[in-house]
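Just below is one structure, and these are the notes that go with it.
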Amino acid sequence: MIRNYARVLAEIEQELDFEQRLGQPADYIPELRKVNPDHFGLHLCCLNGDAFCLGEDKTHFSIQSISKVFSLSMAMRICGDDVWKRVGVEPSGNAFNSLIQLEREDGIPRNPLINAGALVIADMLVTHFSDPRQALLDFVRQLTQDDSITFDEDVAVSEQSVGYRNFATAHMLKSFGNMENEIMEVLDFYFHQCALSMNCAQLSKAFLVFANEGKIPDSHTQVLSPLQCKRINALMMTCGFYDEAGEFSFLVGLPGKSGVGGGIVAIHPGEYSVAVWSPRLNEKGNSVLGMKSLELLTTKTAYSIF
Amino acid sequence: MIRNYARVLAEIEQELDFEQRLGQPADYIPELRKVNPDHFGLHLCCLNGDAFCLGEDKTHFSIQSISKVFSLSMAMRICGDDVWKRVGVEPSGNAFNSLIQLEREDGIPRNPLINAGALVIADMLVTHFSDPRQALLDFVRQLTQDDSITFDEDVAVSEQSVGYRNFATAHMLKSFGNMENEIMEVLDFYFHQCALSMNCAQLSKAFLVFANEGKIPDSHTQVLSPLQCKRINALMMTCGFYDEAGEFSFLVGLPGKSGVGGGIVAIHPGEYSVAVWSPRLNEKGNSVLGMKSLELLTTKTAYSIF
Amino acid sequence: MIRNYARVLAEIEQELDFEQRLGQPADYIPELRKVNPDHFGLHLCCLNGDAFCLGEDKTHFSIQSISKVFSLSMAMRICGDDVWKRVGVEPSGNAFNSLIQLEREDGIPRNPLINAGALVIADMLVTHFSDPRQALLDFVRQLTQDDSITFDEDVAVSEQSVGYRNFATAHMLKSFGNMENEIMEVLDFYFHQCALSMNCAQLSKAFLVFANEGKIPDSHTQVLSPLQCKRINALMMTCGFYDEAGEFSFLVGLPGKSGVGGGIVAIHPGEYSVAVWSPRLNEKGNSVLGMKSLELLTTKTAYSIF
Amino acid sequence: MIRNYARVLAEIEQELDFEQRLGQPADYIPELRKVNPDHFGLHLCCLNGDAFCLGEDKTHFSIQSISKVFSLSMAMRICGDDVWKRVGVEPSGNAFNSLIQLEREDGIPRNPLINAGALVIADMLVTHFSDPRQALLDFVRQLTQDDSITFDEDVAVSEQSVGYRNFATAHMLKSFGNMENEIMEVLDFYFHQCALSMNCAQLSKAFLVFANEGKIPDSHTQVLSPLQCKRINALMMTCGFYDEAGEFSFLVGLPGKSGVGGGIVAIHPGEYSVAVWSPRLNEKGNSVLGMKSLELLTTKTAYSIF
């Protein structure tokens, strides 16, 4: 079936209520408060090379937790199934920054897409790479074939200045023996990872690999095995939206990952990757217009993985 | 792509280690203890009409929690989106029979596929139907076009005799005002629902409707809208395996539902429905050989929804 | 030192702000809603035989959870230290009717003064006595030497009609094997126990035994050993006020027990027993004026156990 | 009544089973592991000036959490009731180093005698004193009239090297805005506080002030008001023994405080103060022989606060 994404996107643009200004941007990171909350951009890349966009799809923003999918991919390439000795694969049913389960479950985070899990993944990368920040940039640049992608240092510094909960989490992991490196070193990497600055066009291109069984479409480089790719998608499906994973699966029906910068990226295996950005968040920390756009996308195309 | 399911099933049969006898059958329901733990059956129905089987695919067993998908479907037909006023759509991150979240979250169960949620769904059906048991039989018989399907009364009685946790859950729901009918009436229906006796062939046929956008393939009857069907699949994906939903998604990559009778059914939208049965359970309450069979199925066909 | 309780009580009466009408009476038991919320009574019995009173110290009310101290005393007489095989001695840190710890801690209630623990104690009495209700009446009548004390049947029926949370708790206990008798039988006893109707004069007299090392002052009957008496006092101290035990200990500094009917009774070992009643409760379920009266009593006499 | 403490102590020494070597010393602080686990000392000071001892009552050990009573006393002198804006007075029902309640209860620790609460108290002292360590030494030396008391720097350094859980707690407090000062500064003070090195004779003398309505017996200095003293005793009663406060209250019936160095100190208001030390701990972190000694003391004297 030929799907007319151009028409669907035009309809989405018409139906979204930009004036209502529902939700608030994240305000706990000082630097993120400076962002105009009314940005909106969307970019959809098909595996066949077609691309479609709406609004400010070339404006950069802080991808925040979306970066957890990149770091997880790198860790799976390095450590294989050993990753799962230190972190689980189950939805948490709790807030993304909660320490409650971590304490109850002896320092093994529920999954790699909550903060505690991402810190364990960061620890693996810090162990393996002499320059983990550069290694991350290299990986994202390889996926996007765009060497301009870099960190927003102001955001990284800003996160560190208020990242008490992440410091608490890292120390808790250390107390359970699930952090090998110096906490400051791991957190420095983690805050930079969150401060990756990308636009919707770059993000959707980067995530095409997950729609393509682990192979970068342009370069035909297999960066993940099909099985690894399937598992990352499964994790995005069940754990990608904090304690709103069920809602996203229910409304949208695609694997995806959100960030508190207002970005969401989702993929339809074998079909496309789509990134959307709007900084106003619902109370669960997910972009209001981002969620709505993707719900309209899969409803209007009558096409999700389910 | 033509997939050779016959050959894949043959390979699965060879690779499964039937001798290892890992896991134990559920022993808390006296009647279920009488079942030989070493049964094994599998049946796969394609939307194109092809069917494939392994072992005892015509032997009946107690479908237990798999029935929650049938009752949820019925409730969505009756109540539409009002269902979601009384039950959520998020994975629980807890055991299927836990009351902890229910108490913390004011009597709104996390999702309709844990016990508390299924009791709320049962309450809706008891409110709507003068004879809810018969209505359930009618629905399952319509899906399978098989009028022989019925309840195992011995199992229903046996469940009731030891169902203290379910009684506790129902009273907790009542204390929060989330149960309209008499507790005994709702539980009687619920215990019968769990005691539906079906075989793998019947189950896989019944679940084809979820692989077919809500339409029964044989009769072309649309029993659920495509959107409703998508949402049920999404719920099976994120919540269908108790606190092992992430693991199933990760290993198998299909929406599905398990029961403590040892049955698991999973669907590949647009492709097939598959039911497997083996009573030995892992510690999370899911069939050991059932999980393994389905993992081999999607790995060998290199084909899941991800 | 001679303490002038008469003058202290007169000062308390002057300082209490009866007009402010802070707090609400318990409203979840229909029958309790009929009580005028502005009653107030206080009665203090010294071990030397002196007695002092304020307000309506002869008006009967439903003693509710205060009865848990009577049933615990009876169980310790019957079962000795075997009581502690089925219930703990630690403060719960949770609401009095919560099931969360009970589920986490395998059906062993934290202490005998929360609902779950009192249900286990009730189960012990139902096992031991052919007519446990009569046995309870006999015990309370023995302590008070007042044969007029009885149950308020309307309250007992009213509690049963809405006692869903207690039914849930009893079924949870049963599911863990920590309830021997039929749930209905245990709950019937429990609802009657809570519906004991007493006045402040009777209550303070009944509790004198706990200020007197287990011996009834008038009859010189030793109903509890000094060690048992000390332990009951210790439990009242750490667990007698739901999740406000610390606050009561902090403000008042005496062992005591409260009930949602608005009664509080406290004892000063070797000195006196005091009962106070005022139906308006704070958000923790303890009588506002009751707490205040006792705080003033120990502050003005500069005399608590600490 | 004249109580023959000398004879009672002699009996205790005979009845304690020193050979059984039950329990293990704390092993998570490297420096504490060096202590011979089979030390035992006890010292009892009466308000009338009498003193009695057993074993090594002059050997110094690390008082650890017992120090929380000193720092709390200092904070109450400085901040009065403002202390209770930042920390509660309820038993936690959880382990002493748990972060679960702290997260659930928005960064307000349950009481000042668990780690989180003691860190808030430490923060108050760091705010108020230019040299909080010296201020603590001054206070303890004033109580004991012994200027030789000081910190064991090796223990302080050792605690800091492994104090990940305390770092996690401090960061969690900071994330909720309940820590004013730099985390390192507060923790440095806290680790020193825990590393106070005292013997049983000094400890029991220091705690006499709590048995004497806030006045130091020797110097007649009123360091706490009688009301403040009563409240500290109430807190020791309900919260002084981690999640074993109920057990201690039940078995011993005195307010007290334990430390993982194996020390326990308890007071009988108006009578005496007693300190005991034995490094082998039960699984709750309280000294096995320490608990037993004090249980025998109140049982044999038939004299507790209850």
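As written, the chain order gives the labels A, B, C and D, with residue 1 at the start of each chain.
Following the convention adopted for this analysis, a residue touches a chain if its C-beta (ideal position, glycine included) is under 8 Å from a C-beta of that chain, and two chains touch if they have at least 3 such contacts.
Values in this document were obtained by computation on a predicted structure and should not be read as measured data.
With respect to subunit B, maximal separation of chain centres occurs for D (centres as means of Cα atoms).
With centres taken as mean Cα positions, subunit C sits 47 Å from subunit B. Look at where the CA atoms of subunit A average out and do the same for subunit B: the two points lie 32 Å apart. Centre-to-centre, using mean CA coordinates, subunit A is 55 Å away from subunit C. Contact with two or more other chains is made by no residue of subunit D. In terms of inter-chain touching, the protein chains here make up one closed cycle, each touching precisely two others. By the touch criterion given at the top, residues 88-94, 101, 110-111, 226-227, 229-231, 233-235, 237-239, 243-247, 249-250, 253, 255, 269, 298-299, 302, 304-306 of subunit B touch subunit A in their complex.
The residues of subunit D lying in touch with subunit A in their complex are 98-100, 103-104, 164-165, 167-172, 174-175.
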